[in-house]
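Two complexes are shown next, each including subunit A; its partner changes from subunit B in the first to subunit C in the second.
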Partner chain A sequence: MNIQQRAAQPIFNPKFECASRDEIRCFQLQELRKQVAWAYEKVDYYRQNLDAAGIEPGDIKGFEDFSKLPLTDKTALRDNYPYGLFAVPLDQIIRIHASSGTTGKPIVVGYTRQDVEEWRYCIMAMIQQAGVVPGDRAQMAFGYGMFTGGFGLHYGLEGLGCMMIPASAGNTERHLMMIEDYGTTVLVATPSYAMHICEVGEELGFDWQKSTLRVGLFGGEPCPPKLKSEIEKRMYITCTDNYGLTEVMGPGVSGECLTSRDQQHIMEDHFYWEVIDPESGAVLPEGAEGELVLTPLQKQGVPLLRYRTHDLTSVTTVPCGCGRTTARMNKVRHRSDDMLIIRGTNVYPSQIEDVLADVEGASAHYRLLVDDETGLDRLTVMLELLPFAFTDSFAEMESFRVQVADKLKGVLQVSVEVKLVEPGSIERTMGKTQHLEDKRKR
Partner chain B sequence: MIDQVTVFLENSTGHLAALCKALGDAGVSMHALTVADTASYGVVRIIADEPARAYEVLNAQGFRASLTKVYAVEVADEPGGLARLLESLDTADINVEYAYCFSTNANKAVDVLRLSAAEGAEEAIAAAGCRLLTPDELYS
Partner chain C sequence: MSVSQLSVFAENQPGRLSRLTALLEREAISIRGFAVADTGDFGIVRLIVDEPKKAQSCLQAAGFLVQANDLLCLELPDAPGFLNLVVSAMADAEISVEYGYSLVSTYVVFKVLDVAFAEQQLLKQDIRIINQSDLV
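Up next, the complex of A and B:
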């Protein structure tokens, strides 16, 4: 079946996406064994690791055997920067991408022609789940460049038969003009930038209800449920968010379908997933929350075995109402390595986000600051006020502030400073939003 | 009653200057300005000649501004002038939430008052021998 025929049906590849769990598992095991052999044969790092663990590729008879392989962490990619983990000569690599690298050196990944094709396939299946159809006009608000989001989505959308509008990041007014003039139907953006486009549009008198836009494809950062429903309501579109990471491929690892709105179908024909206890590394039973570990199944350029994503989620293989039988992961709200320890208490930024979502008068924009200037850890939550929450009375403003601080303390079990800030003073970004600044010295 | 422009302001360098510049550039003239602050933020209260325009200009430039109804009372600029007014309000059981004063000429002062209740306020002000200023009188 060619792409046009696939794109015209409601599910991109029903033969796999609606297969029985046994068929899916059988396919995965067969691919996994080939992939372990490939990594062992071509990459020193894996050969040394497997030798040290006393495992040979031929020992992998079932998933239990595979789960005995050592985990791979981001440090392996950093230590082998730039090309140390590449499995093929560079003349077979047709593109490289790099992660944003907020700490230290970036990590670099390379794609063979086949890798690029597989990636395109994943994106096509993923965007079709989100309701994108051939003929849609898709406007790119991700930056092109080293980040995987721009090119990844671009080629997948083109592949499905959409008209690409490669606007790239920035210049919000130009984006608005293009949506109106070109009749854009799909917007690819980070959720926070989509919100920004929405707000700027409203200020300029843009009528979202009349606009042709109907689908938001969000990625690059987790999408808080409140932000998503707010954008859906104000822009009159359906927002879906997808998941992926540069190390294993880029976007297209999993994506939302229109039935399970808080979960994402994993592209199990391309990725084997495990959920582990982040402390012990032990594989957890289905449904338990833990750290997602991914192994790409056909990766030629940079194979990865048991890659630790540090993203916390749980996975179910119960068939979905949309007809697909592929596993669904709960949307990632926090990472095992973004946990903050405030005066001995574990705090996840997503918990704060959830509390703020229920506070009337607080906008969806916030920032966290941690310092220890006073000798003790201090967590400050900076919150933008919505117009109606601003009053002339200090007593009312203080009671609002204290009420938010009390709610946070109730959930986090640690006291928090709440600071009210001016609207717009929290930066809107086009890439990953940095909500947290940790200025602690020790 | 007159319109006071109330603006939410973060406690950080340059914000008050930016606010004043925004009004200055728009040609709005201020008669009085007070800043009240907490540890983390401040509230600026402004009596300006064109409050509605000041409100629009500030919000358009990203400030969080609102308009608040306050009383502007003309009081004799002499010892005990304000005390008489406050006693009269007290007798009427009206609470003053905040107040600030400025002088307009040699022997008159303007007291701006935010009161807990509107009922009986005008009578109490008149009973103290003071006069409520209209917007026209104040802004001219």
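Up next, the complex of A and C:
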């Protein structure tokens, strides 16, 4: 079946996406075994690791054997920067991407022609389950460049037969003009930037209800449910989040379908997933929350075996109402390395986000500040007020502030300072939103 | 009677107040009285202006959080004893004052729960009540 025929049906590859679990597992095992052999044969790092563990590729007979392989962490990519983990000569690599990371050197990944093709395929399947159809006009609000999001989505959208509008990041008024003039139907953006476009549009009198825009494809950062539903309501569009990471490919690892709005189908024809206990590394049973570990199944350029994403989620293989049988992961709300330790208590920023989502009068924008100026860890939550929550009475404002602080303390088990800030004073970013600033000296 | 006050949320950061006043100046809105109060973290700027409706909409359009309230406004003759006369009259009528401040001329405003009732009580004392049109 060619791409036009695939794109014209409701599910991109029903033969795989609706296969039985046994068929899916059988395919994955066969691909995994090839992938282990490829990594072992072509990359010193894996050969040394497997040799040290006393495992040969031929020993992998089932998933249990595979789970005995050592995990791969981001440090392996950093330590072997730039090309140390590449499995093919550079003349077979047709593109590289990099992710900056918050500390130290970036990590670099390379794609062979086949890798680029597989990636494009994943994106096509992913956007189709998000409601994108051939003929859609898709406007890119991600930056192109070393980041995988821009080019990844671009080629997948083109591949499906959409008209690409490669606007790139920045210049919100220009984005609005393009949506209007070009009749854009799909917006690719981070959810926080989509919200910014929405707000600027409203200020300029843009009529979202009349606009041609109908789908939002969100990625690049986790999307809080409240933010998504607010964008859907105000922009009159359907928004889906997708998930991916540069190390394993880029976007296209998993994405929401229109039936299961709080989970994302994993592209299991391209990725083998495991969920592990982040402390012990042990594989957890299906449904348990833990750290997602991914192994790309066909990656030639930079194969990765059991890559630790540090993203916390749980996965189910219960068939979805949309007809797909591919596994679904819960939306990643926090990362094992995002955890803050405040006066000895573990705190995830996403917990704070969830509390704020339930506070009437708080906007979806917030910022966290941690310091130890007073000698003790202090977590300050800066919160933008919605217009109706503001009153002329200090007593009422103070009681609102205290009420939010109490709710947070109840959930986090640690006391938190709440500071009210003016609407619009928390920066809306184009890329990953930096919600957190840790100024602790110790 | 009564005058309209605009309360504006402001963080305690340099330049916040001037952003607000510059905006009003650009719109040719005349500030007839103001008070700034804060809790350390954030403040409320209270303004009495000649065109409260226009001021409110342009402040809101610029992203400010604004709330409008009616306040009691009266003229205090510039002579000893008049403030005492006013507050005593209000105390006798069991009117509690949340806050108050002076405006241009010898006008003062008070935030009270029931403005019309307070006005009635003060008219008995021969105090001149000021309304919005007196402020233009």
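Things worth noting here:
Note that the second predicted complex is superposed on the first by the 442 of 442 C-alpha atoms of A that agree within 3 Å, B and C clash if a C-alpha of one lies under 4 Å from a C-alpha of the other, contacts with A are read in each partner's own complex, and residues count from 1 in each chain.
Criterion: a residue touches a chain if its C-beta (ideal position, glycine included) is under 8 Å from a C-beta of that chain, and two chains touch if they have at least 3 such contacts.
What you see is a predicted model; the values in this text were computed from it and never measured.
When both complexes are overlaid on chain A, the residue A:I127 reaches neither subunit B nor subunit C. When the shared chain is aligned, no partner comes close enough to touch A:V253: not subunit B, not subunit C.
Once the two complexes are laid over each other on the shared chain, residue contacts for A:V421 go to subunit B and to subunit C alike. According to the touch criterion, the shared surface of subunit A, contacted by subunit B in one complex and subunit C in the other, consists of residues 385, 387, 390-394, 397-398, 419-425. On the side of subunit A, the complex with subunit C involves touching residues 203, 385, 387, 390-394, 397-398, 419-425. In the complex of the two chains, the subunit B residues touching subunit A come out as 4, 6, 8-10, 15, 36, 38, 40-41, 43, 45, 62-64, 66, 68, 97, 114.
Of all residues in subunit A, those touching subunit B in their complex are 385, 387, 390-394, 397-398, 417, 419-425. Taken in their complex, subunit C has these residues touching subunit A: 5, 7, 9-11, 16, 37, 39, 41-42, 44, 46, 60-61, 63-67, 69, 98, 111.
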